[in-house]
Amino acid sequence: MKVYLSGEIHTDWRVQIIKGCDAKNLNVTFISANTDHEASDAAGDCLGEESTAFWRDHKSAKVNAIRIHHAIKTCDLAVIRFGDKYKQWNAAFDAGFCAALNKPYITLHDESLTHPLKEVDASAQAWAISPEQVVEIIAYSINP
Amino acid sequence: MKVYLSGEIHTDWRVQIIKGCDAKNLNVTFISANTDHEASDAAGDCLGEESTAFWRDHKSAKVNAIRIHHAIKTCDLAVIRFGDKYKQWNAAFDAGFCAALNKPYITLHDESLTHPLKEVDASAQAWAISPEQVVEIIAYSINP
Amino acid sequence: MKVYLSGEIHTDWRVQIIKGCDAKNLNVTFISANTDHEASDAAGDCLGEESTAFWRDHKSAKVNAIRIHHAIKTCDLAVIRFGDKYKQWNAAFDAGFCAALNKPYITLHDESLTHPLKEVDASAQAWAISPEQVVEIIAYSINP
Amino acid sequence: MKVYLSGEIHTDWRVQIIKGCDAKNLNVTFISANTDHEASDAAGDCLGEESTAFWRDHKSAKVNAIRIHHAIKTCDLAVIRFGDKYKQWNAAFDAGFCAALNKPYITLHDESLTHPLKEVDASAQAWAISPEQVVEIIAYSINP
Amino acid sequence: MKVYLSGEIHTDWRVQIIKGCDAKNLNVTFISANTDHEASDAAGDCLGEESTAFWRDHKSAKVNAIRIHHAIKTCDLAVIRFGDKYKQWNAAFDAGFCAALNKPYITLHDESLTHPLKEVDASAQAWAISPEQVVEIIAYSINP
Amino acid sequence: MKVYLSGEIHTDWRVQIIKGCDAKNLNVTFISANTDHEASDAAGDCLGEESTAFWRDHKSAKVNAIRIHHAIKTCDLAVIRFGDKYKQWNAAFDAGFCAALNKPYITLHDESLTHPLKEVDASAQAWAISPEQVVEIIAYSINP
Amino acid sequence: MKVYLSGEIHTDWRVQIIKGCDAKNLNVTFISANTDHEASDAAGDCLGEESTAFWRDHKSAKVNAIRIHHAIKTCDLAVIRFGDKYKQWNAAFDAGFCAALNKPYITLHDESLTHPLKEVDASAQAWAISPEQVVEIIAYSINP
Amino acid sequence: MKVYLSGEIHTDWRVQIIKGCDAKNLNVTFISANTDHEASDAAGDCLGEESTAFWRDHKSAKVNAIRIHHAIKTCDLAVIRFGDKYKQWNAAFDAGFCAALNKPYITLHDESLTHPLKEVDASAQAWAISPEQVVEIIAYSINP
C-alpha cells in the first residue's frame, strides 16, 4: 500500500505514522512533498532568479507539483493533516484533488477544526485525531 | 459559458462579477454554492436532528456537495475567491477538485495572500486582484 | 436537474416526490426504470420465447439495462429507495453503479434498514426517511 | 490474476475457491473485505465512540470502503456470492460498482435466487452455482 | 434518444426501423455512416488521387471515420446489422468500439449467423432478428 | 457540428472555410483562438504589468488557454492549419492535444511541409491542401 | 512489452511471431484468447448444459471475454490477424475495442483483404502481410 | 521515475541529462523516440515500398507512434527539447499530448524561443535552459 502524507510540516506526525506502521510490520510505502519549508520555497531557484516574490513562488510551486501530483495519482490512500497554525491551503487543495479522482483519504486534525473543515471531512473516508488512529486504520485496511 | 463562483461569502465580489458581465452583455450563466452561511450550515437539518456538531456539519456538507460537485463538473470556468478572514478551506478544496479534473480556474485574492496560496495559484489559469479583472478575462474568453 | 428514481415499486414514493417537486415549481426531469413488474419481466419477450426462466430473465434484464444504465449515466442525482419487502438487489446494484461513477445519490429507507444498508448509505450524499425530505433536498440543491 | 471475493461470510465458499486454485497451482492473488462480521462492524470504533447506531455503522462502512473500493479497482475479476440469508446489499452494491467500471465478475448463487438477481446476473460474465465452477472458470481464464 | 445504425447497406432495414419508430411517434434521432457504397469508397477522393487502391481506401476510411466515431461516441444506443453477404468487418469493428466505451448496442441478424457472431452478441444488450423487434425495444426503452 | 479552427493567422483560410460552409447551408459552429496577434499577446495585460517578456507571455498564454482548451474539448472536429512562415508550435501543440483526447482533426498545409509534419499528419483523419477541400470534408461528414 | 495476438487460429502465425521475437531476444510477453476452437466453444459448459446453441455460445463467449478483454486492456500492442476463411468477426470486434481505447494495433492480412478491411486498417498503426514484418515492427518499437 | 525525452536530435542534451542523473545515482529510466533521423524516416520501410514521399512518411510516423505514444502514456515526466533549427513540430505535438493527459513536462530551450513557445511553456511545469537544470529538477522531484 502506498500512502501519501499531505499537510502540516511543523510537528512530527509523519514520523509517528511511519514508526507506528513499522512497529506493526506493515507493508507500506510513504511519500510526502518536500517537508523542509525553505527548500520547498526554493524548489524553482535553480531555474534562474526572479525579481518578484509571486513568480518565485509560482516556479517553485510548479516544480513541487511534479512530485505532489504524481504522489496523489499513484497512492492508494492519502492522509491530510491540518495543524493549528497557518493557512494550509495546499492541504485542502490536495484533499480536493483526491476527491475529484475518487482517491480515499483520511483527515487528521483536532476537534477544534471540524467546522471549517466540514467540506474536506465530508469527502474523506475517516477523520482521525491522532497518528495512532491513522496507523490503526492503515493496519486494518491491509490486514482486517 | 457557465462560471462557478467559489469561496468567500462576506463581500459582494459575486455581485460585482455578475453585474460586470451583464453590463457587457456577455452570455454567461453563474452558479454558486449556497452563500447564506446559516442556511448552508443547516442544509442537512431537514434529515433529522443530530446531537453532535460534527455529524450535523457532516450531513450539511454532504447535502451541499450535491450542488457544488455538480457545479464544478459542469462549469466551463471557476473563479476561486479568498478573502482576508477565516480558514476558507472549502475554496482551496474546490480549486484542487478543479485541478484534478483539468477544469480551468481563476483565483481572486489580494497580494498579501500569494505565498500561502502558491500551490493553488500554480494550477490556476490566472490570478486576479479585482472582480473587474475577472470580468475582463471572462469577456475576453468569450469574445477575444 | 435530472433525477433518476431507483428501487421499490410497491408504494407511491415516486409520485410523492414528483408531486412535491411540482408543488415547488422545481425544474426537474424524472426518469425511472419500468415500474410495472410484469411488463418489466417481459421486456425481452418480443425477442422470442425462452424455455428456461433464467434466460427469459436474462434477456429482459439486459433490455431493461438499456434504459437504466442510460438513466444513471445522464442523471445529476439518483434517489435509491429500499422498502421492507423483497430482495431489492437491483436497487443496491444501481447504488454501486452510481458510486463507481461518482454520481451523487440519496437513499430513502426506514431506520430499521440502516445496518444492512450501511455500505450503501456510506457512499450516499444523504439518507432520507420520507419523500418529503427528498423533495427538500432536491429543492435546496436547485435553489439553496 | 487478482480476484476479489465479495459477499456472503457464513459459509466457506472463499476457502473452497482458494484451495481449488491452489490445487491447480494457479497464479492467483485473492482479496476480500473483512469477513469477520463483528470486527467489520467495529472497523471505525478506533476513531471514537458514537452514540447512535447509524453513525457507528457509517464510520465503519467508510473505513471498510478503503479496502473494498481499492480491491475492486485493482482486481482483474470479482466473484460475487449471494447466500440464502440476510439482505446482502453490499454484495449487490459491489456488483454495480464492478459493472460501472467494466470489471468482469462472476456471480455465485443457487438457482432459487435467479429472479431477484436478474439485473446483477445480466451484467455478469458468468453465473456459477458451486465454488468448483468458479475455480474452473478462473483456471480457464488463466490457461485456456 | 439518438440511435446509430451500423452495418449492412443492401437491404432496407434502416428504413423499416425509422418508419416503425415514426409510426409510434417516438422521439428518436437516427444517424448512419454513408450508406451509398460508391460514394463511401470515394469519400477521400476530393483530397487528391491515389495510385494504389490501399491508400485510396485508407483516405476514404479515415474521412468516413470522422462521421462514424462521432456517431458512436454521441449515440445512446447502436443497432449493428449483419446480412448474409460480404465480410462486414466494419460492423463488427463498430460493435467492439461500442463495447469498449460501454455503449449499449443491439445486434440484428439471422439465426444462421449466431455462431460466428457469438463474441459480438455476448457484449450486446439484445439480439434481434427483425427490424420490428428493434423498434419494439427502442419504444420500450423510451416508454416502458 | 462544432469545428475548431487552429493555427496560422496571416491568411484568410478561416474566412474561406466559413464562407464555403455557409454557401452549402451547413449547420456548423466555428470557434477559434483570438486571431489578432497583438491582442492575443496582450491577453493577460489586464492582470497587471510584468517586467519580463517571459512572464507577460506566460500570463497571456494561460488566459488564451481558457478559450483554446475549452474549444478543443467541446469541438467535434478540428482543422489545424500550418502556413509557410513562423514556428507555429501552438498549432502542433493543439494537434497533439486533439490526438491524446481522440478528437478527429484535419491538417491543412502545402505539400512542402509534409515531411516535418509527418507525426502531426499521422494522427490526423485527413490532410488537405486547400480550404475548399476542408469544406468538402465537413459537408460530407454532415451529409454524406 | 505485452502483445495481444488476436484472430485466425488455423495457421501458425502466432508461433512464427513468438519464435521471431525469441530469436531476436526481445523482452515480449504474448497473450492470446484460447486458440483451440472446440475448447473455446465449450468454455462455458462447466456452468451447466444448455438446450439451445445460442445460449451455449453466449455463455462460452462471455467466459472467453474475461480473458480477452483483460488482454486488450493490459496489452501495449495488439496484432489482429485475418485469414482467408471464415467470418472472423471476433477479430474485427477486437480491433474496434482497441481503437476505442486508443490501444495501438497492427493488422496482419493478405492484400486481397484490404478493401473489406479498410475501416479496420484505417485505425491501425500498421498493416503487415507476413509475421516477419510484425516481428520487425515489434523489435523496432522496443529497440529503434 | 520514468522520464520521456522528446525533441531535438542534433545535440547531446539527452546524454547530458542521463549522465547527470547517473552521477547523482538517481533511480530514473529514460525513454526516447528513435533518435537516428534516417532510421526513423525508414521505420515503415519493412512494410513495403511506397511511390510517394507522403505515404512513406505516413507509414513510418505511425510505426514510430507505437513507441512514442506508449512512452508518453507510461512516463512520469517528459522533457521537451527545442533546438534552434528545423520545424520540430513533433516536439510541440508531444507537449500537447502530455498537456491533454495531464502529464507533467519540462521544456528545455534557449531564451530566444520563449515567445513562439509561450503556449507550450504555459502548460509546462518548468522551463529550463540547460540539461543541468533538468537534472536538478529530476533529482529534486525524487529526493526533495
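Observations on the structure shown:
Note that the chains are named A, B, C, D, E, F, G and H in the order they appear, and that numbering of residues resets to 1 at the start of each chain.
In this text, a contact is a pair of C-beta atoms (placed from the backbone, for glycine too) under 8 Å apart; a residue touches a chain by one contact, two chains touch by 3 or more.
Here the structure is a predicted model, which means the values were calculated and not measured.
One of F-H, G-H or E-G repeats the interface of B-C: more than half of the contact pairs, counted by residue number, are shared by G-H. Here E-G and G-H are compared, and the pair linked by more C-beta contacts is E-G.
Interface chain F/chain H: over half of the residue numbers present appear on both copies, so the contact uses mostly the same residues.
Compared with chain B, the chain whose C-alpha mean position is the greatest distance off is G. In this assembly, the C-alpha centroid of chain B lies 40 Å from the C-alpha centroid of chain D.
With each centre defined as the average position of its C-alpha atoms, the distance from chain A to chain E rounds to 50 Å. Centre-to-centre separation between chain A and chain G, using Cα means, comes to 44 Å.
In chain C, the residues that reach two or more other chains under the touch definition are 62, 64-65, 102, 127.
Those residues of chain A that touch chain B in the complex are listed here as 53-54, 57-58, 60-62, 64-65, 68, 72, 82, 86-101, 111, 113-123, 127. Chain G meets chain H in the complex at residues 76-77, 102, 104, 125-129, 133, 136-137, 140-141, 144. On chain D, the positions that touch chain A within their shared complex are 33-34, 36, 39-40, 43-44, 46-48, 59, 62-67, 69-70.
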